[in-house]
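Look at the two complexes coming up: chain A is in both, with chain B in one and chain C in the other.
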Partner chain A sequence: MATVQLHKIKKSFGGTDVLKGVSLDIADGEFLSLVGPSGCGKSTLLRILAGLETQSSGTVSIGGRPIDGLRAADRDLAMVFQSYALYPHLTVAENIAVPLTMRRLSGAQRLPGIGPFLPGSRSLRQEIATTVREAAEMLDIAHLLDRKPGQLSGGQRQRVAVGRALVREPSAFLLDEPLSNLDAKMRVHMRAEIAQLNRRLGATFVYVTHDQAEAMTMSDRIAVMMEGELLQVGTPDALYDRPADIRVAQFIGSPAINILPVETDDTGMIRLYGAQTGFRAGRAQIEHLGVRPEALLPCDDNELLSGRVRLIENLGSDLFVQLDVPGVPRPVTLRLPPSARGRLRPGELMHLCADRARVVGFDASGKAAPLLRAEVCAHV
Partner chain B sequence: MSDVLMSALPRARRNARPEARQARAGAILVSPAVILLIVILILPVAVAFVLSFSDYTLGRDTLEWVGFENYADIFTRSSYRKMIVATVLYVVITVPISVGLGLGAALLIRSLKVGQNLYKTVYFLPVMASLLAMAIVWEFALHPTLGIVNRTLALGCGSSLELWPWYARSCAEGFPLWLGDRDYALWTLAFIGIWQSFGFNMVLYLAGLTSVPRDLYGAAEMDGVRAPWERFRLITWPMLGPTTVFVVTITMIRSFQVFDTVEALTHGGPAKSTYVMIYAIYEKGIAQNLVGLGAAITMLFLGFVMLISVAQRRFVERKVHYQ
Partner chain C sequence: MTHHRFSSRQTLAHLVLIFGAVIVLLPFYVMLTTSFKSSVGIASGTGGLFGAQELVLDQSCVNLGGSEQDCLTRPLIDNYHQAFTAAPLWRYLLNGVIVTASIFVLQTLIAVPAAYALAKLRFWGRDAAFGLVLFCLLIPVHAIALPLYLMLAKLGLTNSYAALILPWIVSAFGIFLMRQFFMTVPDDLIDAARMDGMGEFAIIWRVMLPTAIPALLAFAIFSVVAHWNDYFWPRIVLTGDRNLFTPPLGLREFKGDLDGDFYGPMMATATVIVTPLVVAFLLAQRRFIDGITLTGMK
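== the complex of A and B ==
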């Protein structure tokens, strides 16, 4: 069990910078997700941490000790690959045993044929078999130990890959999109299991995914990466409610946050399509407002915006309504309780106001900027 | 009455169950292939099989059935025993070495950062060249007195190479007549065979190596596999299993078929030490017009090839496919 520090990691392939100086501290026992769109460098960062790739510059430390010179085999980390990377010619038991035989048995004891008859080999092999069985029982795959990976379902292979990772109790687990090859139902199931595993083992987990829902449901903290940079690191709540960057706001949450293009006039008042929004800019000019679908409410007075109903999506538990709003390029989505079902018609005009505490402002560079309430300022 | 029956018949067939209709269409579609297979492959083998029990020669009108006499000849006469020994020895020498070299070359080439294509081309050149033409080049190179091989070897005389007893003896008594000495001839032919064929095996192994998932090597590294040899044993070799079965089978069959070099360089000699099967078939069945005997050797040859193919299917293929 250990902390993991990445300090100013840079990586370039040829002329392209894949990682542009990423620094990240991961606490002992923490479940940290690296999330971002594909090609943002998150898998490369994980492979650098694992030692399968070398960084162009920067330092990786585990438990406070720099490990840049160490080979992957010596870093005491375990990794679960997206493709599971099981050895297809070995049984499940042999697959899970590989990390143990490689570390506990000597080179001679590993030799096929004579290896098992060398002194000490027998008892070590029995120990390994016991450890493998315990791991398999924990993951509920003990009945599959004699099968080959080719005979297993996707979910079962996933468990074998996890078993191979946890069997030697590494200081941290690295998981590279482990659920992306599973069907939707299995994914939700394994999501819960992996999060539980983190709590039960108390080990540090670094989890790479492009699926924000996985990151939100499983993690203690999430690091959002885009174009080789960390945009924000924080708890799922912080990322959802207080995104530091407009790209983070857009990436996290489904359906996506509503981004309203606004103008800041000479007096600092923020206007949407010429109309007052009830907000003032703090320091910087505000160019966009972000409002989550559930922070918008239908109302008659104090309106933030109005638009015509374009589409009503009924999910059973929720109702998502898309509105065409003049001046906003994308339809604005709002979430309503299912009780509102019969009352809306497409084409109908709706007035919306917002839960003011939950509106976020972004400046020209896309960074979050303070918003003030217009009435509060009027009293001063 | 009979008219009614006749006209009802085609309709009944048209209304047959779809399975039957499909089966009929399938039979029609597959028939050209079946006919060709019979005419080109099965019929000639059957004819050869029948002729192997006769003393038929080309141009003679009559033939006599001699029963198993041709086969008895093969298994009793010393020249045919030598034929089997030479053929099997050639295969046993050529196959492991050319498969091993093919794998080694493929692994080395894969590990290169630059120059992969150069090495691929160089090693593949002998495969593309006509073996008969290459055999003539080898004949010059291996000429006992004028050949570049023996001349180069002679340059080493007087150096520390003479510590090797064979070398010292050769310096004193002359270097071997590579193709004219019965102790060397088969080995020399096997050497040319290996030189010619391992590039082909290398290409097959290169193709096999590209299909090994890269993640497996990453997983092995994470699992604590440090030594290249362990990595080879854990991943590369097992993953190349299907390729190896194919390469070994192909190389074996090709080695059984060796003919060009024998015909060009040794004509089965000296003292029948390179009297391999295909050359024997050619000599008996065509050159000496003993078709019955040639057919009997052909049957034996087919038996060998069939044995290899069946062995490949039965014993190996099942164990090396993991899905």
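== the complex of A and C ==
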């Protein structure tokens, strides 16, 4: 168990910069997710941390100690791969035992044939078998120990891969999209199990995923990466409510945040296609407003915007309504309680107002910028 | 219901295949039937597959002072008896096993790590190195036989097991075949092994080799067949010591230049020599085809 520090990590393949100076501190026992669209460099960052790839510049430290020169084998990290990467010729028990036999037994003791008869080998092998059995029981795969990976389902292979990672009690676990090959139901189930495992072991977890829902549900903190840069690192709540960048706002949350193109006039008032929005720009010119679907409410008059109902999606627990708003390129989504179902008809005109505290402004570069309420000024 | 209708295309294809099979099998048939017959039967070409099996006189038995009555024997028994007594065939078979097994083990020790490096490691000049391997596949053995012989002679290694084994321990074909197989092994598996604490050689022997067993078996058959049957190279480097003769050289024992050739015992020897290969191939047939089609990982 240890802290993990990444300091100004850069990586280029040929002429392309895949990582452009990423710095990240991960606390002891923390569950940190690296999330971003595919190709953003998150897997490369994890592989550099693991020692499977070498950074072009920058330092990786674990527990305060730089480990840049160390091989993957010597970094005391365990990794779970997307494809599980189990040894096809070994049984489940042998697969889980590999990291222990490679570390605890000497080269001679590992030799096939004579190895088991060397002094000390027997008791070590028994210790390993006990550890393997304990791990298997914890993961509920004790009845599969004699099977080969080819005979297991995806979910079972996943557990074996986790078992192989956790037997040696590494200083941190690295997980590279471990759930993406599972079906939807199994994914939700394993999501909860992995989060529980983190709490039970108290170990540091670094979890790479492109699925924001996984990151939101499991993590203590999330680091959002795009195009080789960290856009924002924070708790799931902070990322959801106070995104620092318009790309973070759009990436986190499902259905996606509503982005309204606005303009700031000479007096600093923010207008949505000429109409007042009730907001005033703080320091910078505001070009976009972001409003989460649940921060929009139906009103009697046009306070923020109005549009015609295009589509009503009933999820049972929630109702998502899409509105065509003149001037806004994409339909605006709002979330309503299921009780609102009866009142809505496609084509109907709806007026919306917003929970003002939850509207976020973005400047021309896409960075979050302060918004002020406009009422005070409007009457002057 | 499927109707088996006459199809001229299918029939033609089968006729061509049957013709090919006859061409391949005919020499085996001749070898087998010759090994069963007396010299009279061979010369007259009579008696079908097994020959007439009329009693013949065992000349060596007579020479040892046996009576004609005791020395009458069947041609089949006589041929195989001579094959094992006129020449130390057991010794030759043992040499064959020693030589082919040593060649295969050494080839594996070299080809597997080389193939792993060419398939999975990134280093400067890797593609050029692989190009050289492909180039080596094109060089015929006979073209380099003379320089090889001269080098062995300079080192004083002719007439030794080393002369039979050393020139073959680097197999371009083995490196090529194993490399193609290793290309299909997922990179994640190797990375997982590195995370589990394995060094590169541990990965080769503990992960890559076990997953490549079908490919290795295919290579084993190619290698063993080629070197077990090799007549050319042993004939060049073994000039004196008959204790080092490999099985094919045993055939020379019955080439009696002046007295005419002893085809019966010679073909009996040939039958004994090919039998282990045929049996091994039949046993390994399924894995062998797996290995050539490179479908091991699924």
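Quick note on the criterion: the second predicted complex is superposed on the first by the 373 of 380 C-alpha atoms of A that agree within 3 Å, B and C clash if a C-alpha of one lies under 4 Å from a C-alpha of the other, contacts with A are read in each partner's own complex, and residues count from 1 in each chain.
The rule is simple: contacts are C-beta pairs under 8 Å (C-beta built on N, C-alpha and C of every residue); 3 or more make two chains touch, one makes a residue touch a chain.
Worth saying up front: this structure is predicted, and the values here are computed from it rather than measured.
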Fit or clash between chain C and chain B when superposed on chain A: clash
Which of chain B and chain C A:Arg103 touches, first, second, both or neither: both
First (chain B), second (chain C), both or neither touched by A:Leu77: both
Partner chain(s) touched by A:Gly113 [first = chain B, second = chain C, both, neither]: neither
Contact breadth on chain A, by residue count: chain C or chain B: B
First (chain B), second (chain C), both or neither touched by A:Arg164: both
Which superposed partner A:Ala50 touches (first chain B, second chain C, both, neither): both
First, second, both or neither for A:Lys148, with chain B first and chain C second: first
Touching partner for A:His89 - first (chain B), second (chain C), both, neither: both
On chain A, positions contacted by chain B and by chain C: 47, 50-52, 71-73, 77-79, 81-83, 85-89, 98-99, 102-103, 164
Chain C-facing residues of chain A, complex: 47, 50-52, 71-73, 77-79, 81-83, 85-89, 98-99, 102-103, 164
Residue numbers on chain B that touch chain A, as the complex places them: 213, 215-216, 218-227, 230, 233-235, 238-239, 241, 322-323
Complex contacts: residues of chain A adjacent to chain B: 47, 50-52, 71-73, 77-79, 81-83, 85-89, 98-99, 102-103, 107, 110, 112, 148-150, 164
Footprint of chain A on chain C - complex, ascending: 186, 188-189, 191-199, 202, 207, 210-211, 213, 297
